[in-house]
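Dropping the structure in here first, questions after.
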Amino acid sequence: MIPFPAWLDTARLAELVTALSFGTLVVYFVRRARSGVDIQIRRIPGLEAVEEAVGRATEMGRPILYCPGLDSMDEVATVASMNVLGQVARRVAEYETPILVPNRDPFVMTVAQQVVREAYAAAGRPDLYREGDVYYSTYSQFGYAANVCGTMMRTKPATNFYIGKFYAESLVMTETGNATGAIQIAGTDSDAQLPFFICSCDYTLIGEELYAGSAYLSREPLLLGTLRAQDMAKVAAIAILLLGSLLAAAGAFDSRAYLPG
Amino acid sequence: MKQTGPLLFGFVIGMIMFLQYFIPQPPFTVAYSLVLDWKQVVFGVSLILGVLSLLRFHGLRIRGRVSGWAYSVVAIVGFALVVGAAILQGTETGGYPWFFRTIQSPMQSTMFSLLAFFVASASYRAFRARTVHAALLLAAGVIVMLGRVPVGEFLAFSLGDQRISIPAISTWILDVPNLAAKRGILIGVGLGMTATALKILLGIERTYLGKSS
Amino acid sequence: MNGNERQPGGWIDRLTRIDRRIIFLGVAIAVATPVLVPMGLPVKPTRESIDFFNAIDTLQAGDVIVFSFDYGADVRAELDPMSVAIWQHCFEKDLRIVALTLYPDGVGIAEQVMGPIAEQFGKEYGVDYVFLGYNADWSGTMLRMGESFRKTYPVDQYGRSTAEIPLLDHADRFADTPLLISLASSAYAEWWVTYVGGKFGQKIVTGNTAIQAVLIYPFYQSGQVLGFLGGLKGASEYEALTGRPGAATRGMDSQSTGHVLMVLFILLGNLAYFAPRRRRGSSGTGRTA
């Protein structure tokens, strides 16, 4: 029988405490949200613009292009993108506007097809869903970008969404979208690509604003509660950072001793 | 069961992967190894899924004579040629490496090189010092751009008896304000990832089942 | 979005509306000219490159390292010179290399880098280096390799059983390798740090495209990454440190002129943006937002 202390890797105790604390926060705020407490989110311009962007496409009689990013479903940004896609697709179904969703990853394509199909069904227009509109493009990064650019030049969408994880191909797509005169809304946690999106898109969701997207658009209590828990955890992290910085500055401990290796 | 099964499965596997990180003993380590093995199988299958989807998409476009269907013919013919070459001649010699060296590699490099042109036009159009923040961003961008190339070494000024070059300022910008901002974003994104992972574990987040919120 | 108000006529007004194609042509000329007329600008290694170099240079002959080609054909111009310089340095020091790739097209790239350099230094496959190949599941691969390279890759890229490869007798998991090198064009470098550096304590150095290199600073400053090379400049610095100037060093001239031209375009655009406003201000009509 292995003695109890040997069961736990004590070198990772700090991470365990952090994970459990954060989990407790999430559970607490989700329960609070479920009990009916109103949770406020500050205004996020990029998400406020979704309704306007869909309406614009409807008026112009042109489709909407939605790029869910280049990574697979194990990437949090892609999960967040699918949530936003569901909300966008619901509005698109209500307005009867076509939506095109090119995918780089086959898993993501399958999920996106399901999300869009369900959104159309929820809006009472399952007949409008066309499977060919949510399609697999190619796994090649720039092949995907070329496909998206070609689609933009041919179909001239009124609104382009770039929501998810992006890499170097982002500017190629957004500049092409700019040339076609589309409204562009981007959202990513890839901070290397944020400057390019900010330069070339009308609205950009930065980092966690993307994760907040589905909570913001749906106003679902469970999601709002998790968002509040994230914010509280960030407050705690800031407090610990400040305390640690002050103590290190006062020489209370040698911070170099904690560097890896 | 259609809904509950995947959620339960996700919870169990997620908890195993979570617990094995802190409890390095069997049965967690054994379960962990098994999960990793199955993960590899699933990824392999997903590639097949992607190929079938690609063929189906282009096949439908050709059959329906949709606008641009000729490009779909090119895609399918290219696919058949590369796969055929790999099967008949192997992947080390013959057509397969030739396709990579002669067609794929130059094409991908060409697409990537377009970025240089797009960055120039985006910078010209968008980098305007309209506000104080924009002006600071502009100044930092110009300094870092010049500091990251050899010509920056020739751009310097004296402060007292110290020579301060553009690369030195560029290094400071990357080491201090850039690092601070990156760390802040990393911490925020990390918390967001943890929250999303927790939501998936607890079944609050069901997007992977095709259910949007 | 632009917010400029158009003044009738004038060259300054035209400066605010330069056709994109003129900009593209300017960039093409700026980048191509040094290729035809090299300037030979000197390259000064930075602290990050020196640390990367030292991480390899301080290893002992016979040490086994892991090298991951985590990039595709699109960024070969930036990362191939790094790969070549590093492999030459490693073989010069008689280090042994376990190579792999997390990109499907990394296989072709790896073979084009490894083969000629191994031949140049008289290195034998299976003894001095091995190529494990591509595995679709990148996170599983990273985690699994911490337990066993052989279990993660039962066969190498060429179908040979890894149980029969002599090199892997000396190194079958990260604990046996003093260093891991990842050349990455995406977030794989960060994932190596997170999954492998964090879980197995593996020492890591990374080579990245210029865009991705900016993201590595937090990991470098905290010591999670011992050193890194950023883009073509990083590759040229490494070539300077190893004393083998190559493609990266030649490319720095073009990069210099390209950057200078971009800065000029930005300054021109701002000059054109502000000039009409100053004219309106002096005529007493006030400044627009």
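So that you can tell them apart, the chains are marked A, B and C in the order they are listed, and the count of residues begins at 1 in each.
The working rule: contacts are C-beta pairs under 8 Å (C-beta built on N, C-alpha and C of every residue); 3 or more make two chains touch, one makes a residue touch a chain.
Given the structure is predicted, the values throughout are model-derived calculations rather than measurements.
Counted by C-beta pairs in contact, the busier of B-C and A-C is B-C.
Centrality by C-alpha centroid: the chain sitting nearest the overall protein C-alpha mean is B. Chain geometry summary: the mean Cα position of chain A and that of chain B are 14 Å apart.
Separating the CA-averaged centres of chain B and chain C is a span of 15 Å.
One inter-chain figure worth recording: chain A and chain C are separated by 27 Å, centre to centre, where each centre is the mean of the chain's CA atoms.
Among the residues of chain C, those in touch with two or more other chains are 1, 20, 72, 74-75, 105, 139, 214-215.
Multi-chain contact residues of chain B, defined as those touching 2 or more other chains: 21, 46-47, 104, 108, 111-112, 119, 121, 123, 125-127, 182. In chain A, the residues touching two or more other chains are 139-142, 168, 191. Residue ranges on chain A touching chain C, taken from their complex, read 74, 139-142, 167-168, 179, 190-193, 202, 259-261. Considering their complex, residues 1, 20, 72, 74-75, 104-105, 139, 185-187, 197, 201, 203, 209, 211-212, 214-215, 222-224, 226 of chain C touch chain A. Those residues of chain B whose C-beta lies close enough to touch chain C in the complex are 21, 33, 36, 39-40, 42-44, 46-47, 91-92, 97, 100-101, 104-105, 108-109, 111-113, 116-117, 119-121, 123-130, 138, 141-142, 145-146, 148-151, 153, 167, 171, 174-175, 178-179, 182-183, 186. Touching chain B in their complex are the following residues of chain C: 1-3, 18, 20, 23-24, 26-28, 31, 41-44, 46-47, 72-77, 105, 107-109, 111-112, 135-137, 139-141, 143-144, 147, 158, 199, 210, 214-215, 217-218, 221, 230-231, 233, 252-253, 255-263, 265-270, 273-274. Every residue of chain B that touches chain A in the complex is listed here, in rising order: 18, 21-25, 46-47, 49-50, 53-54, 57, 60-61, 67-68, 104, 107-108, 111-112, 114-115, 118-119, 121-123, 125-127, 182, 185, 187-189, 191-200, 204-205, 207-213.
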